[in-house]
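As structure tokens, here come the structures.
The following pair of complexes shares a single chain, chain A, combined with chain B in the former and chain C in the latter.
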Partner chain A sequence: MKILLVDDEMELVTAMAERLSLRGVDADWAVSGEQAMELVDGCDYDVAVLDVKMPGLSGLDLRRTLSGKCPGMKFIFLSGHGSESDFKAGSAEAECYLIKPVSIEDLLAKIREAVGE
Partner chain B sequence: MNDFRSREDLQFFGRICASVSHDLKNVLAVVNEGAGLLSDLSLMAEKGMPLDPAKLRSVAGSIQAQIRRGDEIIKGLNTFAHSVDEPVSSVNLAEVVSLVVSLAARLARARNVSLEVGACDEVFVRIDVYALEYLLHGMVTHALAHAEDGGVLTFSCSSPGGGSMATLTGAGLGTGAELPGELTALAGEQDVVLAADAGTKTLELVIGKEMK
Partner chain C sequence: MSFLRRFRPEFWDANPEAGPNKSLFNYRRTWRKTVMLLAVVALVPLLVMTFIDYNVTRTSLKSENELRLARVTSNTRRAVTYFLDERKNALEFIARHETLASMSSPARLAELLRGLQSSFGGFVDLGLINSGGRQVAYVGPYELLGRDYSDQEWYLRTLNKGAYISDVYRGFREVPHLIVAVKCPPTRSGECYVLRATLSTAQFNAILADIDLEGSGDVFIINKDGVLQTPSRWHGQVLVPLHLPIPDYSDKTSVYYAADADGREILAGYAYITDTPYILMVVKISSEIMQPWYSIRMELFWMLAVSIAVILLVIVGVATRMVSKIFIADHNRAKTLHHMEHTNRMASIGRLAAGVAHEINNPLAIINEKAGLIRDMFTYMNKYQADDRLMGNIDSIIQSVQRCGTITKRLLSFARHIDVSIDRIAFKDLVGEVLGFLKKEAEFRSIEIIKDIPDDLPDFESDRGKLQQIFLNLVNNAFQAMSNGGHLHIMARRAEGDRLEFMVEDDGCGIPESDRKRIFEPFFSTKKSKGGTGLGLSITYGLVQELGGSMTVKSEVGQGAAFTITLPLRQQGNKAESYEDTASGR
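This part shows the complex of A and B:
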């Protein structure tokens, strides 16, 4: 299983990637939608965990682009806001919508659920 | 003040609080992952994995940096919250400009624009501080709508000819749509002048001077 983490908070995604790696999950990270697009070349990620609100390409925009490019990819949204509009948009377009801060065990459970494990 | 203006005021307060809460959520999320990583590393050490002291210091340093970041965010929110305490008071324009820049930083980042404080003379103005913050933040919002992707907006303040002035400079400014009506109306109520100058690519807020 290979995961892509995308959030403009670099310390968040690097720590999260390391913690997933300690749990046996291969995770790469990017700090922008544009950087994520460069990583997603061969469509070898099973799940992308995306921050909803990022400078430049937002999580919602990135999700639309990535799902067009890699139809089998699953998505989990992360948000700090938890506003009603974010929740509706995120819930409609992803397997799961989590509010920061997130428990790594919850995230892992949602990742496994998304890939049908 | 009519009900509509009251609601606009409240919406502005709400927007600032929502933005600050988002920033604080991010701070908490980074602290959560840092603390979680330390916990993970200690669990791995119990299972025989060697601990790297430099790694531990780095993660602890990251947590401390986030706590400082959160503290600055909360200080800004506290200052903003107290700006409605008095109907009119004497404030240092440079400090208010700096506060508004920090409160609007997330908004600017979301548009991929850098918002900076430039040269600011220490000049005291007597004004409704909340209205001043509303106007300065409105200038930023208006500027962001017309700023170039990757551009820079710089807020500076000065005291030309006995008055005081906050100036927002950046490519694209002064050439876009007219200033929003609620901003120019509020400026009129506060006896200040808000103007856009396409030639110098600036938005200017001119306020009467108050001696310290």
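This part shows the complex of A and C:
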């Protein structure tokens, strides 16, 4: 199982990737939508965990692009804001919508749920 | 005064300048202006109409009186004229058809007198005066034969005018009488004889006495010098001067107003009787003939007074009702405005809270991940795993993050308006569920819970989870406010307009006035030292608003507090998916 983590907070995304790796999940990370696009060239990710609000390409835009490119990819949204519009868009367009801070076990459970394990 | 106070409208004591419910109007001034305006509009036409009616009625009654008096005077004049003309014409007839010789014969003269007395009445004597002024024949009760009248005015006037009717006078006999004299046709030698008769005034008076005058009316005859020729009811006997102004000459019957000797206003009708020195007068006292008018005037006055009283009463009633309505509308407007200000403030606080929560959530997530990573590293690399102090510190960081996360998520839920998920709810069951959580605590603290929920309270549509949270928060709050052995009342009733009203009332410490306005604000807590976050009531408030309800509080320090929630029986709008609140931040 291969995971892509995208968040403009590098500290967050690196730590999260490392923690997932420790739990046996192969996780790559990107700090912007553009960087993420480069990484998914081969469509070898099962799940993408995206921050909703990012400078440049937002999580919602990124999801649309990625799902067009890789139809089998699953998505989980992460947000610190939790506004109603974010929630509605996020819960409609992704498998799951989580509010930061999130426990690694919960995230892992949602990832597994998304890939149907 | 207290009686009047009961009728004093609510707006009377309202101070338009003061308080949060500042009014748009000065109600007392509005009321006064309205009453004044309505009174002027309603009363001025009434008063003008009454005044016009008053004058018209008075004028018409006055002219009716004048006309009636003129008619009576005219009729009486006709009777008097007829009486005198009849007698004068009888004498003229005799003078023309009797010879001087026959008239000079006492026997014939006596026969003529008897004829006149029986046919006309009123004749006392009859005499023939020759051209020298000496009475050459006479029949009657006095010794007047041979009397010389050559220097008497009546004799000279008769010669001059052909006929003459004298004033009433006492004459030689000291008895009031009048003379009617006619000139006989001249003889061949050009001598002019005069036939003269004395008339008793008794019959003359009787004509006037027969006139039927209402009340204290008076009818009499005066001569042109204002001396009474017949007795008057109010002005004295015959030949006494009359104390009324003598009317100016008029050939028609006329009326005039004057004042009598006592100063009373009188209305007098008069007529100059042609070819006589007489003026017929019919006098009535004004106040008497205007009596019907005084009655009408009194009725008019009472009608006006009652009308004014009724109009004023209605005006005051209408104005009070109208201004009261404006007052209530204005009051409601102020209340709504106040409520809107409050709601807006709460909304902006909510937005601020959400912004702050968002900004904090990101660094909080980094702390969470970094601390988690350190913990993972120690755990997975088997380093320091046995160092309880180090692991304890890391756990403490993670727990603190968890606490912060709980607060920020509550803040977000306060600001977020997620649609509700609707169920049919029986309030009694809901209360049972909520109290289930707190049963142990209540038993432990000897808190008595009194439920006053009617059996026929209808089920209602609402979000069960939110409602549970609302009541749990309120009951928790009440528990915190009460000391051991307190009483908690939970009441429910159906309110107006398809709404239900719930009340949670405790007898705890109460909320001071100064705090009452702020208790729904986030982070306002009086229990900070005991770990209160100050979010419970603000979240409850937000939830009640989401369910389309309203929430109020009443409290007195030391007496307890009562929170009242009003919720609609039915929820409007679409049903929504439930919101998945995950993450415990560990």
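Methods note: the second predicted complex is superposed on the first by the 117 of 117 C-alpha atoms of A that agree within 3 Å, B and C clash if a C-alpha of one lies under 4 Å from a C-alpha of the other, contacts with A are read in each partner's own complex, and residues count from 1 in each chain.
The rule is short, and it goes like this: a contact is a pair of C-beta atoms (placed from the backbone, for glycine too) under 8 Å apart; a residue touches a chain by one contact, two chains touch by 3 or more.
Only a predicted model underlies this, so the values are computations on that prediction, with no experimental measurement involved.
In the overlay built on the shared chain, the residue A:81 is in contact with chain B and with chain C.
In the superposed model, A:106 lies in contact with chain C only, and not with chain B.
In the superposition on chain A, contact of A:97 is made with chain C only, not with chain B. Once the two complexes are laid over each other on the shared chain, residue contacts for A:9 go to chain B and to chain C alike. When the two complexes are laid over each other on chain A, chain A has residues 9, 11-12, 15-16, 18-19, 22, 80-81, 83, 99-102, 104 in contact with both chain B and chain C. Chain B makes touch with chain A in their complex at residues 18, 21-26, 28-34, 36-37, 40, 44, 59, 62, 66, 109-112.
Chain A contributes residues 9, 11-12, 15-16, 18-19, 22, 80-84, 87, 91, 96-106, 110 to its touches with chain C in the complex. Looking at the complex, you find that chain C touches chain A at residues 354, 357-359, 361-362, 364-370, 372-373, 376-377, 380, 401, 405, 409, 412-413, 415-418, 577, 579-586. The touching residues of chain A, when paired with chain B in their complex, are 8-9, 11-12, 15-16, 18-19, 22, 53-56, 78, 80-81, 83, 99-102, 104.
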